[in-house]
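Each structure below is given as C-alpha cells.
Across the two complexes that follow, chain A remains constant while its partner is chain B and subsequently chain C.
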Partner chain A sequence: GACRVSMSMTEIRAGFTAIKANIQARDPIRTLSILSHPHSLHKVKSSDRCCITHHLFNFYVDKVFKHCKTEDSYVNRKISSIANSFLSVRRKLGHCHEQNQCICGQESTEKLKQILANYEGLNVTSAAMKSLGELDILLDWMEKSH
Partner chain B sequence: EDALLPAPQNISILSTNMKHFLTWSPVIVQGETVRYSVEFQGEYEREYTNESWLPIPECSLIPGTVCDISEDISAPVAYSLRVRAHSGARRSPWGAMQGLFNRSTTSLTPPLMKVIADGYHLLVELEDMGPAFQFCVLYWKKGQERRVQQKVVTEVRSAAHLDTMEAGADYCVRAQTYVEVINKSSSFSQTQCVRAQGDKSMWL
Partner chain C sequence: SGELCCSLLNPRNVRFESINMKNVLHWSAPEGTSNGVLYKVKYSVYGVGKWIRKPECRNINRTWCDLSNETSDYEEQYYASVKAFLNGMFSEWVETTRFNPLTDTKIDPPMVSVSSTEKSISIILTAPEKWKRTPEEESVSLLQVYPGLQYNVSVLNKKTKKRWFFSISNHTLVVPWLQPGTAYCVSAQIHVTTPLLDSGFSKEHCIATLKDK
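Entry: the complex of A and B
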C-alpha cells in the first residue's frame, strides 16, 4: 500500500558520504554482499517496497548501528547522526505499518530472510560494518524506486 | 579530590537559524585555569547503546564556556548534552543540560535582502544562510496588493529574477526563510520597494 514518509535523504547521504571510505576500508570481505545477495534490491516488486523499506530500517536500527563503534570520534559522530535519522524515519514507517499500509508479500519476506541469513553468516562486527558500508545500496534503491 | 571541582551550571542552548550553541556558567577556582569538555547523546544512544555519550573533540578541554554543537545536532530527534570542568588533573562531575533539545525549536529570522531594479527587471539578492535554507519571496506591483506573486528561491549565490516591471512603476518585495528538514518558516522581512526605469523617449 502507499506510505508517504518525509525524510532528509540529503542529510543522511551527506553523513554517509563523509565516512563511506573509512567504513568500507574496514570490510575485508568484498566478495560478499548482505543487501544484494543473491538478488539486487532493484528486483523487489513495487508492492513490496514499503515492507522491505520498513524492515530494513528496523534491521539497521536494531542490529547494525550499535555494533559499528570505532576508535575514530569523527566516524562515531557521523554514525550517530545517521542512526538517529534512521530512528526518526523508522518511527514514521512504523505508523504506516500499524495502519496496514505496508503489507509484506511472499517475495519481500523471502528477501528479508536472505538478508538476515547473510548478516548472521558473519561475526556481528564484520556483518554490522559491512551492512553500514552498503548503506548507499539502500539509499540508491530508495531514491530510484520511491 | 574530584568532588571539590563543582559541575558546570546553567547549561543551555542558544539556537538561531539552525546554528546551535551550548553555553554554561564558568566554574571559578581561584588561581587556576578551568577548562571544559562537552558530550552529546541522541535518542538512538539512549535507546540502543546503553545511554552512551559521544565526545565533541572541538569542545574538549576548551577554556571558553560556549560550544558550537550544530554539526552533531543533525537528526530530527531529541538530544541530551552534558559538560564537565577540568582543572589540572582534577575533573568535576558531569553537569547535564535540563531537558532535551530538538533542532525544530531553533528560531528562524527573516533573510537579509536587497531588492534591485535593473532597468525593467526586478531582482532580489538574498543572504546565504546555508544549504538547509530556502526562501519564500512575495512581490507585487504597488497599488495591486491583492495580486501578490510568490517565488521559492533555493539558489542564493546570484540575484534571483522575480519579474519584468512596467516602466516607471513601483514594485515591493518581502521574504521569509524556510527550512525543509524541520518544516518551519521565519516571519517575513521588512518590505522593500523599488521603481522601474521610466519610459525612454524615442527620437523619431
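Entry: the complex of A and C
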C-alpha cells in the first residue's frame, strides 16, 4: 500500500528560509552538489520516491544536523528545530519501511550511493553544511513529487 | 601589472530580481563611479563546474542583465557574477548568493474579472504565467508550478464598508446573499503555503449588483 506520512513542510520551510543565506554563505563550493548532481532528484521514478525520501531523512538525521554547529545561537536553534521535525518524520517513514511499503529499487540505491559519495568527497563539516544548504532542493522535490 | 589588477572597486549589491520567474541580474556601479563603466556577466548552475559567459551582457554599460533564459529550469539553482571595467582597470568578479528560481521569485497578483446578478457576484481569478522566451511559446501557469497555490479574495461593500475575506483553491467564487443595487469592490492575492510566497493584492475591481425588479 502507499506510505502516507504527514509532516509540516511549512514549518520546515520557514525554519530553513530563515537561515538559508547564512548557511549557504558557509559553503564556498559552487561546483559540487550533494543532492542534485550529476543526477537530479527530479528524475527519480515515482516508485522509488518513498525509499529515497526515507533514506534521505536518515541521511540528514544521522550525518548532517549533528555536524552543523555554528557560532550563531539563532541559527543553531533553527537547525535543531528542523532536525526535530526530521526526527519525527523519520520515525513515521521507518514504520512504512518496516511494513514493506517503501521498497528500494536499483535506481534509488544508485542515487543514494551517489549522494553518499558526494558527501564523503568532502570533509565532514563542509559536507554537512553543504547538505544543510541544499535542504530546499530536497523540499522542492518532495513538494513537487509527493 | 599586479597593481593594475582589481584596482577598480567592485560592483555592489549583485543580486537576482525575479518576478514570475523572469530572472534579471541587477547590480550597482562601483562606488564613486558612474559614467563610462562597462560590465560583463557570467553565470553557473549550482553543482556544475563551469562558469558560462553571457555574450549579450558583455561590455555593457547598463547595470542589469536578463538571465531568464539561462535560469528557466527551476529544478536547478544558479549563481551569477559581474565584473566592471573602466579605462583599462577592472574589478574582481562579484557573485550573487545562490539563486533558487522556485523559492526566490516574486509572484504578481492574479487577474480578476467580476460579474453580478441582483444578489450575487461571480469572481473569476487567473494566476499569472511563468516567464516564457517568446509569445509563441506554450504558456505555463504558475498554478502548474505551485500546485498548492491558493487565492485570498477580499470583497468590500462600498456602502456599509463591510469587508469579507475568502481563501479558495478554486479559481472561481460566487458571493451570494448580497444587497441589490449596491457597489462591491473585489481584490485578490495569490498565496502559496510552501514554499511561502504571497503576491500583493490586485487592484480593486468594483461592480454593482443589479437593482431589484
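We adopt the following convention: the second predicted complex is superposed on the first by the 145 of 146 C-alpha atoms of A that agree within 3 Å, B and C clash if a C-alpha of one lies under 4 Å from a C-alpha of the other, contacts with A are read in each partner's own complex, and residues count from 1 in each chain.
In this section, a contact is a pair of C-beta atoms (placed from the backbone, for glycine too) under 8 Å apart; a residue touches a chain by one contact, two chains touch by 3 or more.
Keep in mind that what you see is a predicted model, and the values were worked out from it rather than measured.
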* In the superposed arrangement, does A:A21 touch chain B (first), chain C (second), both or neither? -> second
* Asked: Looking at the overlay, does A:I137 come into contact with chain B only (first), chain C only (second), both, or neither?
  -> second
* Is A:S40 touching the first partner chain B, the second partner chain C, both, or neither of them? -> second
* Kindly classify A:E110 by the partners it touches after superposition: chain B alone (first), chain C alone (second), both, or neither? => neither
* Asked: Taking the superposition as given, does A:D72 touch the first partner, chain B, the second, chain C, both, or neither?
  -> neither
* **Which superposed partner A:S81 touches (first chain B, second chain C, both, neither)** => first
* Which of the two partners, first being chain B and second being chain C, lies in contact with A:V61: first, second, both, or neither? -> first
* Structure fact -> chain A residues where the chain B and chain C footprints coincide 10
* Within the complex, which stretch of chain A touches chain C? -> 9-10, 13-14, 17, 21, 24-25, 30-33, 36-37, 40, 42, 133, 136-137, 139-140, 143-144
* chain A - residues contacting chain B, complex -> 6, 8, 10-11, 15, 61-62, 65-66, 69, 73-74, 76-77, 80-88
* Can you list the residues on chain B that touch chain A in the complex? -> 42-45, 47-49, 54-57, 71-72, 74-77, 131, 180-181, 183
* chain A touches which residues of chain C in the complex? -> 44, 46-50, 75-77, 79, 97-98, 100, 102-103, 147-148, 193-196
